[in-house]
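Report on the structure given below.
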Amino acid sequence: MKDRGHVSTTQTLDLNDAGKIIDAGIAEAERIGNPSNIAGVDAGGCLLAFARMDDAWRGSVDIAISKAWTARAFDVETKALAKLAQPGADFYGIHASNDGKVMIFAGGVPIKEGETVIGAVGVSGGTGKQDQGVAEAAAQAFARG
Amino acid sequence: MKDRGHVSTTQTLDLNDAGKIIDAGIAEAERIGNPSNIAGVDAGGCLLAFARMDDAWRGSVDIAISKAWTARAFDVETKALAKLAQPGADFYGIHASNDGKVMIFAGGVPIKEGETVIGAVGVSGGTGKQDQGVAEAAAQAFARG
Amino acid sequence: MKDRGHVSTTQTLDLNDAGKIIDAGIAEAERIGNPSNIAGVDAGGCLLAFARMDDAWRGSVDIAISKAWTARAFDVETKALAKLAQPGADFYGIHASNDGKVMIFAGGVPIKEGETVIGAVGVSGGTGKQDQGVAEAAAQAFARG
Amino acid sequence: MKDRGHVSTTQTLDLNDAGKIIDAGIAEAERIGNPSNIAGVDAGGCLLAFARMDDAWRGSVDIAISKAWTARAFDVETKALAKLAQPGADFYGIHASNDGKVMIFAGGVPIKEGETVIGAVGVSGGTGKQDQGVAEAAAQAFARG
């Protein structure tokens, strides 16, 4: 096969990465005593792995997956997007786009390799602070490699 | 708490069970060389755990989750539902119900404790025969305990 | 064909126009260093052409197309609609209409021939100011002919 | 930045590729005299570029984009999927999945680099044979480099 040179390449999380990320999220959720839904998506925003801990909210399955998607779709923490989506701010109303998949509260965190976003994690099941903490712990597990 | 007697109880898969089921499905999918999407749902039909193996079809994320839901929603293998949903058969058109979540081809298998359905597994990523084989291997891992 | 007089005519952008508009938008987005999604719609609000620049947000595909649609659907810049859609203002809640297609932040600009709106351009991928600037540059390319 | 080695990479179409693919599709559609909608998606199934030729069906905007998505989502020509989705076949009912984005008639063609699917093209606006011919001409333009 000849290398035509012009084909772009992208880095992405794979299932093995996502498994480690979710395991780290579960450990943190257990530590703080808040059962969570945790989702990992690849560089294309597509779901790689998901876990709903026992007693975690059922309505948060969709939210966790959507937070992960949002964090990759806009290469931003959903916590930061929350501020930008308030009335009067630049992205007010963005939550109505993309068939309602855009989550504008804390708990979605991009995963980076250097400066490149290669996927994201989304957590839902508690307060914004709890979800954010679990998502950050999950993301840091990947950063440590 | 006294046992009031009249309160119903439901047996259900939990996250730990779902993890074992998915791991068994992944092992079988690797054995037959067909990357798969594998989903496990609890007795309420709600997603517990999910994995998309590397190179598995992206369009099958939704399908695997929906097959698992369908298998519990109607307490039936989706393979059996396929026959009932053909033109002229009793359930023709059922795939248009429930916002398109009803999958009418092989790969969704209920998980039972004795005679009671306590959850289900859904597999998508190959032919009907491949998906069914992976789903059965996953379900049997639970049956063996 | 004789001119029957009573048959209405509509002026509209065509694909050739939309291509020029998008190219001008890409040039401006490159100039300011902000990869963007750019969409052009005709007088009926129907998508004519679209481009997602490399590294532009994936979540903005839908938003760019919806901004263009909104600008034609209400013959207004989405930047102006933003003010009208704030809590307490006349159109608060409008973003929930039309299946979530109404975008109420900057980046959608109607294209006019004289006083007649004949289509629109929608841009998404940056701040409101960035998106508005790219959309205006795109629209002006058409105005210059 | 240290290379941790375990980060997966994928090849993907970019906007420049998609532009060439669509131009080739337009040329073929003009040659056969059938105005078409033509869409190109990247390796993640996300829209890169789109064109609706003048007088092409408005209802085919969504179909062209969905055909391109489907061809990547299942790494298959939608023409082949058509056979597999007939009553009695393995994937009967698949068109109800993925919120109706799965198109099961001709006109969606994966784009490959060697054996790897790196995106897809979707065409809608005519008969299955016409759409397939335009999509193949578009895909071949990329294969020629």
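Letters A, B, C and D mark the chains in the order given here, with residues in each chain numbered from 1 onward.
Keep in mind that, in the parts below, a residue touches a chain if its C-beta (ideal position, glycine included) is under 8 Å from a C-beta of that chain, and two chains touch if they have at least 3 such contacts.
Per UniProt, the chains are A, B, C, D = Heme-binding protein.
Please read these numbers as outputs of a predicted model, since none were measured by experiment.
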## Note on the structure
chain B and chain D share contacts with A
### Task
For the Cα fit of chain A against chain B, please give the angle of the superposing rotation, nearest 5 degrees.
180
### Query
What chain is the most remote from chain C, judged by the mean position of CA atoms in each chain?
B
### Query
Between chain C and chain D, what's the gap in Å when you average each chain's C-alpha atoms?
25
### Query
CA centre of chain A versus CA centre of chain D: separation in Å?
28
### Task
List the centre-to-centre spacing of chain B and chain C in whole Å, with centres computed as mean CA coordinates.
44
### Task
Would you give the residues of chain A that are in contact with at least 2 other chains, written as numbers and ranges?
8, 14, 44-46, 99
### Summary
Per the touch criterion, the pairs are A-B, A-C, A-D, B-D, C-D
#### Entry: Contact footprint of chain C on chain D as seen in their complex
14-15, 19, 44, 46-54, 58, 61
#### Entry: Residues of chain D that touch chain A when the two form their complex
1, 4, 6-14, 16-17, 42-46, 99, 113-114, 118, 145
### Query
Of all residues in chain A, which touch chain C in the complex?
8, 44-45, 69-70, 72-75, 87-88, 90-94, 96-100, 102
#### Entry: Residues of chain C touching chain A in the complex
54, 57-60, 62-63, 66, 82, 85-87, 95-96, 100, 102-106, 127-128
